[in-house]
Structures are given as structure tokens and as C-alpha cells.
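Okay, handing you the structure first.
Residue numbering begins at 1 within each chain, and the chains themselves are lettered A, B, C, D and E in the order written.
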């Protein structure tokens, strides 16, 4: 059976499925794609000696599209979970983002402990498909968990006072608190609830590609490139604020 | 009149409360930047994501309307014709599409059928740089050559979906023509084909124009569903812009305005057409 | 000479259609052939994808047995909510439709303007966008919760279509019926209540069936405000397990059962309704 | 006669947009009188009698029914319509109700009669038009002639003081006409005030006190039937009668 | 006569589901003959003449037109219909075409005539029915009588050998009837073979060679018009004529 690596070489382009997700992948003011993943995929293609082509795809259609061969690999901030791993293959993780809670100040005024969130009257929101949802389910089994297609809508839910807190991977919660000071705050001083393991997703039955991508990640972890890029995008938004249309 | 005042008062009240209740920083500038921007190098205005999305939606609307009308016309005719096989096929087609959620239809079509059909037709391996596709007209009519196959499968998907409803409209139109017209046509010895072309369709078209216009407007709005298969139309790009900027409301209000503009324009054109068709008669 | 006359005038000669039934069989076979070809195409597509079907993993989506107690799974809970939303929204839509249709047919200028403005606004913008604006902007202002925001939005959307259907039905009644009702001295209310509405029912019901079915399908849209109905549950399951095709096929199957049984029920109802006529 | 006329029309004008459908109509009908209106198609016969119970609104002139003025858009028009029975060319029975229900609807809703009283009354009138045995059927199950007799009975059930007929036999098969005309003649003999639009000359001869001939929205000639049919004064009427008798 | 009959019907039976609409009809019409069919409503008159050009399919018996057998579902029925002109009670003109186009459509499509030849022919026949000046108008702009004359001209344009008329005057205003009957009489005088369903006794007397009386799907009586109208043999015909003359 032919490996997707051969296909990529023959075609001369690496096609990457992704979805918009600050600061992993977003639009610059010029409408171009930029972000951590964009850097990763571009470098990956460079190292393979091919062009890169991004296929922005709605999150809910991204897995079938991968399986149907609409692109070669998903580099989309996708976290490894055993459940998902039964359907697709994951490479070694290339990032470990921490998850933070941003909470509505008013609603959580008398919350003193992490366990206060674990109550049937508490609404917690997350973006569908991020590892944060799993984290919430594990940490607060009694709370209502509502999943939205986008962080923007999830956040609005907290701002409107319909939900107590939103979970998202750092550094986004910090940006939100900055923008809406007084309405929301980082819960427990921004303590990380859990770390995710973001990895590339591939179709099953292709050990060659899996091996190649995993080792590419390993090499770039060793030489510090991944960490350097990660820091650039995740430690704050001053560095890229101007090019991006985000707040 | 009292009723009218009441509604106006309600609208004013809501507008007034928006700012006092809603925790939201309105900022239109970011979103508007995604409609059009000044190019850094040339210093000229160029379209940005939202406008590009709007163009894609308009392309989808135009070709989709055309394609759906053709399919719907053929299927609608099949629904009413004597051949049982054609009746079964068209009936099944209509019932299937009307009863499956669009999402699932798109999945099945895109992931199973089009991924078989397109390579078989050689559409997957179109040379993107050949002068056939890499020219101004092609770009104007179908958008970026690189995205053409996606555009096409989205288009076919949408057209097939809407055509099921058009089929029913056409059927109703054909059946609404007085039986006497069929009989008179047959009595002067017209063949079935001639009868349909000269007598039935021209009369049916006048009757179905209004519901047809409604269905085409639905088509424009439903074109959002194919964002699921990476067609970069207005709704899809709006989601991206909203995600990037965090300005959900501005984006969606703007997008609603854009949809309203095309739909209303479309309705207007159709109303004109209808009046023309009506006037021709007396 | 032609065939002998049928002995019994009251019964058409039997076996007359024998020649035709062979044709019917052939026609049906032709149609089946076409579907077969399509099915083969889909099957090839599935095959070519080398998708690993994991149907054995779907049972917990419906229910789990814990200590001999049945815990309903997400799909069953989603289905119940879908039915609830569609039922309430459908009923409201018909009510809104009637009011709007009567407003458009009325003599009051204000009522006509309002009804027209409502129809144009609703019908020329996507439901998704309406839902966003209603839920995130309007709902906190007038203080309604997630469920009612979704239901009302859906009801007003479908109501705009119901209005046109109902208006068409009311106008489809012969003018003579209106006049006869006037001539026997009925008031406007009685005229609609006893003469016009009952007669327009057969005209209105078939398209209204279609409307109720699309209400069920359109209710999927409320997944964007995290109302946990069938589609939302499907989305969540897909994002957790990545078993996209299994989940979507099941969800489609459930919707299909729902819509088909609804149209069946309404056909039955129509049948009962049209019976006393002759 | 000493009574005031039951219907009194003076200076009546009606336009459809720019088209003048009725112009300067003056007509009064006394209690017990029978008036036949005839004239070519489009001459305004229907429009005239439909103005009397305000199925059409007039723009000028006055119409008085039983002493009460009838005005366009007036309140309480139901009370006037109660005094005026109307029979249409196309019957206009309510097809979704039984014959009996068709008859009782008016008395129950407009006169506030009780159900059994209304039914008793209805059966009386059905008897009078000789189809009492059909009371439980639906209109589409009856022949045209029977339907028209039901329509007459329905109008009579309101116990009106005047009956209007708009070409009551012109939609009927030749065989059916006689039965309906007979019912109408009986009604006339019982002393009912009637205005009848019809081309049935035999009926007009036998029943009418006066024949009114209309053309182009105006009353051209009014005369007793013998005189009108044997020696019409106006040319237009002569020509009309000539064509009527030609075949 | 030495010619074979133009229309020859023998043992014709037709059912609508279980309802027997025609039973054992035998009728032959020679070239140049004029046959009037009459009978009560629902007796099968329309059904009979509609079987002749297969607007209705029959189930038993045979129909021959100009020597050719007409069979249900046959191919080439257009060729037979070309020999048979038909005029309906409700005119059935094509409302979206001008009068002229209504007339030229058949000759152009069925006979393959060229446009100008067809128009010339059409104008000739329009002249014959005396409405040549209306050629450019649309059907809804004409009066009923004019429309029916156009319908006759349309049928004649196919230059058929026989004309079928189904109650051609019963949807017309009394004034309009004379004109249409006159056109039909002229046509008869020119030697056209005609089968006419009508209740116009004057016309039948003047024109018909034979009157066929039908009841309940069967031919009850066939007789020359004088004999039929003055002394019908069957009781059913007596009764029918009695009612027809009653008013």
C-alpha cells in the first residue's frame, strides 16, 4: 500500500486540513493565514521539499474530510484522546497547551474552591472538540457542560451571565480577561487544570507517514524550533498583535 | 395604527437596552477591514475575506439557480409523465432529499459519491495553470482555479438539494394547468413533446414563478450549508472572521445585511420578470 | 370481428390489464437498476475510503445498563429534545402563520405593513444569523433562556413560510364562498370559522406537512446555541470519538424515521378529514 | 300602495377603477312586487343586485332596504343582509357541510336561533323545495338543479323580506331548469318580493310585474312583460330580443 | 352510399373503474353526414365522441376512423387526430398565444407546414368564422362567442375530414349562441362530416341527418330529426324532450 508520503512527493504539495483557532491559526488583517500551526506546517513542507497548501475546513467536517482523502494531514490543534485514537492515528504531540478557566466575576463571587464549580447549578462552556471539554467532564462531573462551535460564542455566553466559566487553552483566556476586565477573571489565578497533547492526525494504516511526522516533531523539539515558535505565539500577543485582526 | 406604534416602541426599547444590558464592546472597524482593505504595496482598495466570500456565494447562487432549475424542470416533468420508471426515480429522489437532513446528504454526496465521480471524470486532475482555467473569465465565473473542484462539488450538492423542492414546484405547476389544455393540444394532433413545450410549460412557468423565486432565495440562504465541505463562501469565511476577531455580532449583523441585499435583489429581479410575463399577455 | 361483449355491464372485463402489468414490472426494474447503479457508486466510495466501521461502539450512544438500570444515552435524550422543540415551534409557527396571513389579507394598513416587514426580514436572511442575533443579543435583553430563544426563533422562521401557505390556502377558496357567507349574514369571525378555514384545510395541509417536516430538520440549527438536541449530541459524539460516518448515519436514520412517520400520520389525518365529503 | 317601497335605489353610480359599471340607476321595488332584470352580458345586472346587499360597494347615490340606508363599509350590515336573501348563478353552497347544516348556519349564527328550532325551520323549507330527503347529504352529491333548490331554501331560512336571484338557472342542464323555475314560481305566488336577473322569457312572462332592461350600466327601459317582449320601445332592447330568439 | 363510412364504431364499451360509461355502442357515420347526439346529463355523450379521437381510451369494441382502427395507447394516434377536428364546450384556447398562433400551431407542428403557409391558411379560416380582424389578440380578450368561433377555426386549420362538437354553445351567453350556430351551419352546408353533441333543437332540425339519443351509456334511439322531435319512440326520449320544452 502506498504511503501518503509518496503521494505528497509526487504531487509536490502537502495539503493540510485546519480550522481557525486563536492563536494556532487565524487570519491576518490581509486575510492571510498565520499562527503557530501555519508556521509548523510551512516548515514541515519546507523540510519535505514540497509546497504547502492549507484547506480551511469547518471543525465538524474535518475528520470525514481527512478520511475521504481531501487532505493529507490535520494540523489543527487536535488533542490526543484514546476515544479518538480508535478512529485516526496521532503522531507524537508537538505542543502541550495548558487549560485555564475564565470565570464570570459576578456569578462566581463566592466560589472559594475548585470544587465549587462541581455543582448541578453550574454551567460551563467550551469549544466543541477541544480537549478542554474532556477536562471539564473529568474535573466537574456534576456541572452542565455546553459545547459551542466557536470560542467567541462560548465566551459571549459567559459575558452574558448564562454560564459561570469557559475553558480554553492558554493564552486565550488571558486575552479575554484583558479585554473584559471586571466582567470576567481567570479562575484560581490562571492555574492550569490539565495539559493537552496536540498532535497531527492521520488516516489509519500508514505507519511510514506516522513515523516520519512523529520523528519530524521529535527533531524539531530537540533543536528547540518548536518551543521557540510556541513561545512566540503563546506567551502573549504583543509580538503579533499588529498583523492580526484580533483584539 | 395603535398596533404600529406598539411595535415601534418595542423596537426602540430593545435598541435602548442593548447597551445597558449587553456586556459587549462594539467595534466595527476590525470587521469592516475584512470587507475591503487598502493594499500595502499598491495603495489601492482590494477586497478582503468577507467580500470574497460574498462573491463566492453569488457565484454559487447564480450557477446553483441555473443547475437546480434544469434538474428541477427535468425531474418535475418526470414526476408527471407516463413512464413509470421515471416517475419512480423522480419520486424517490424527492422523498429522499426532503426527508434527510441536509448535513447528512452533503456528507454522503461529498465523501462517497463525488470522491468517486470526480476522479472518474478527470475533474480532480485539471491542470490549474492551463490557459483554459487560468484566465480572467474563469476566475470571474468560478473563482480561484485551485478551489474549482471543491466549488463544483459544493455547487452540485447544493443544486441537487434544492432541485428536489423545485421538482415539486414544477410538478404542481404542470398539474395546475387545466386538463382542457392537454386535450385541446392532443386534439389538434400535437405530440407529447410539442404539447409540453408549446402549451403546458409556457403556462406553467407563469404560475410557478412566485414559488420558484422563493425557492431560489432559499437556495441562496442554504448555500451556507456547504461551508461544511470547505467551500469558502460567505458563512464559512464569516465564521473564520468571527473566530479571529472575536467580534461575533458585528460580523453576523454585517453578513445578515449582505445576505439580505442579495436575496432582496434577487426577489426584486424576479418580481420584475413576473410583471413582464404578466404584461405580455394583455 | 371484435371480442364478444362483456356479459356483465357492471364489471369491466378481467385480465384486460395483463399486457400492461408486464410493462409495469419492466419499468420498476429499470428504476431499480438506476438505484442499483447509484448504490454501487456509494459502496465503491465507501470501499475506496478504507473507512474502519466501528458499529460495535454505538450502543452506549443510545443507552447503558448500570446495575440493571437503564441510563439513556445522548442520542435518545437528543431525540426527545428535538421532538419537544419541533412540536412547540411547529405549533407556534402555525399560530404565527395564521395571524400573519390574516394581517396580510386585512384592511388595516398598519397590519399589512408590519406583516410584510416581518416576512421580508425573516425570509431574506439565513436562519443561522437570526439565531445568533436572537440568542446573544435579544435574549438577554428580554430575558428568555436558551430553550425559548431557540424555539421562538425557529417558530418565527417557519411561521413566515406558514403565513404564505395559509394565505394561499385562504385565497384559494372561491370568491363565491365568501359572498355566500356574507349573503347569509355571517360576521367576519363566523365566516372564517365555519366557511373559509375548514374549506382551506385540504389546500393548506399538504404544504403544511412539508413545513412541519422542515421544522424538524431545521431544528438542527439550534446546535449553535448549545441546545442539546439530536444534532448537537451528534456533533458532540463526533468530536469525542471521531466516528463521523457511523454517528451521522444513525442521526440521519432517526430524522428519517421521525419525518416519515410524521408525514404518514398527517396523510392519515388528511384522509380522515376528507372522508365525510362523499 | 301605501307602504314605503322595500328597496329604493336612487342615483346609484358604481365604478371599477375607471370603468363605469353602473350609472344613475333609479329603481324602487314595493313589497310583494316581482321585478325581472335582463340585458346583454356585462350590462351591470349582477353588479346592481349585488349592491343591494353590499357584496359590492357603491360610490354614489343611495340604496335603502326596508327603510334603512345601506352605506359602503357600514357597521351592522349583517342586520340588513338578514332581510335580503340571495341566490347565485353558481349556487355557492358550502361544500364541506351537509345540506341541513348549510341551511341552519345562517339562522343559528345570525338570528341566534337554537339548534333544534333552526333544524325544524330548515326541514320546512327543504320540504318546500321538495328535497327534504337529501338533508343529510353533501352538496357535491346533488345534481345542479337540486343544489340550486337548496340554495333557495338556504336563503329562505333567513326569513328575508326580499329575495335576489342572479341568473339562477343559467348554470343548469336544460333538464334541471324546469324544477328550479317551478320553485321560484311557487315562491312568487306566496307573495315574496323578488328581483330576478334571468333570460328565461317564459318565467318573466308568467311571474314578473315589471321587466327592467339594462345596457352598459344604465336602465334603458322598464315595462310590463307583455309589452316588453312583444313591443320593446328602445332599439337596443329590440336587437337584444331578436338575438335571444334567433336560435 | 358506396364509400366506406368515415367513422365506424361497433360494440364499444368503456368503464371508469367499475362504472360503465358506454355499453355496446354501434354507430357509423358516412362521409358528409351530420349526426346530432343528445341525451340527459351523464348519459355518455361526451365520453363517446372523446373516444373517437382517443382523448379517452376504450376497453372493448372497435373504432375505425377513415378506415384505420383506433386502439388505446396506439402509436401514430397523431395521424388519426389530424383527420378529426374537435371543439370543446369550454373552448380550451391556449391563453398565452395570440389567436393566430393558436391556429397555426397544429398545422406547423403536426403537418409540418411552413410558417407563412400556415398563417395564410389560418387567416382564411378566421375569415370564414368572421373574426379575421382579431388575429393579433389573446383569447381572454375575446367574448365567449368569439372564442368558440376561434376554436372552430383552429380545428378546421388541421383540414380534418370530420368535426366533433361537444356542446359548443352551452357555455355561451344567450346572445352569443346564434353566431356560433351560424358558423356551424355554414360548415355543414359546405359538406363537412359532423358529429355534434347539443341540445339546440333548432340547429338539430335544420342541419342533422340523424339524431342519436343516448341514456345511461347506451344508444336508445336513432331517428331523423323531424321524427325524433315530433314523435320519439322510446319513453325515455319522450320524457327528456318533455322536460326540455317545459320552460
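Assume contacts are C-beta pairs under 8 Å (C-beta built on N, C-alpha and C of every residue); 3 or more make two chains touch, one makes a residue touch a chain.
Keep in mind it's a predicted model, so treat the numbers as computed, not measured.
S.K.: Among the other chains, which touch chain C and chain D together?
M.R.: Correct list: E.
S.K.: Nearest chain to the global Cα centroid?
M.R.: That would be chain C.
S.K.: By CA centroid distance, what chain is farthest from chain E?
M.R.: Relative to chain E, the chain with the farthest C-alpha centre is A.
S.K.: Which interface, named by its two chains, has the most contact pairs?
M.R.: Top-ranked chain pair by contact count is B-C.
S.K.: Which chain lies the greatest distance away from chain D when centres are computed from Cα atoms alone?
M.R.: Looking at centroid distances, A is the chain farthest away.
S.K.: Just curious, how far off is chain E from chain B if you go by their C-alpha centres, in Å?
M.R.: 49
S.K.: With centres defined as the mean C-alpha position, give me the chain B-chain C separation in Å.
M.R.: Centre separation, chain B to chain C: 21 Å.
S.K.: Taking each chain's centre as the mean position of its Cα atoms, how many Å separate chain D from chain E?
M.R.: That pair's centroid distance is 36 Å.
S.K.: Return the distance between the CA-based centres of chain A and chain D, expressed in whole Å.
M.R.: 81
S.K.: Among the residues of chain D, pick out those that touch two or more other chains and give their numbers.
M.R.: In chain D, nothing touches at least two other chains.
S.K.: Send over the residues of chain C in touch with two or more other chains.
M.R.: 49, 132, 136, 140, 244-245
S.K.: Among the residues of chain A, which are close enough to touch at least two other chains?
M.R.: 60, 64, 67-69, 149, 153, 156, 160-161
S.K.: Mind listing each pair of touching chains for me?
M.R.: A-B, A-C, B-C, B-E, C-D, C-E, D-E
S.K.: Touching residues of chain A toward chain B in the complex: what are they?
M.R.: Answer in residue numbers: 20-22, 26-27, 29-31, 53, 55-58, 60-61, 64-65, 67-70, 149-153, 155-156, 159-161, 176, 179-180, 183, 244-247.
S.K.: Give the list of chain C residues in touch with chain A in this complex.
M.R.: Touch list, chain C to chain A: 49-52, 54, 57, 132, 136, 140, 145-146, 223-226, 228, 232, 235-236, 238-245.
S.K.: What residues of chain A sit close enough to touch chain C in their complex?
M.R.: Residues 59-60, 63-64, 67-69, 81, 83-84, 86-88, 125, 128-129, 133-134, 146-149, 153, 156-157, 160-162, 203-205.
S.K.: Sort out for me which residues of chain B touch chain C in the complex.
M.R.: Its residues touching chain C are 1, 3-4, 7, 14, 17-18, 21-22, 83-86, 88-89, 92, 98-104, 107-108, 111-113, 115-117, 214, 217, 221, 224, 235, 248-249, 252-253, 255-256, 259-260, 263-264, 267.
S.K.: Touching residues of chain C toward chain E in the complex: what are they?
M.R.: 2-3, 5-6, 9-13, 16
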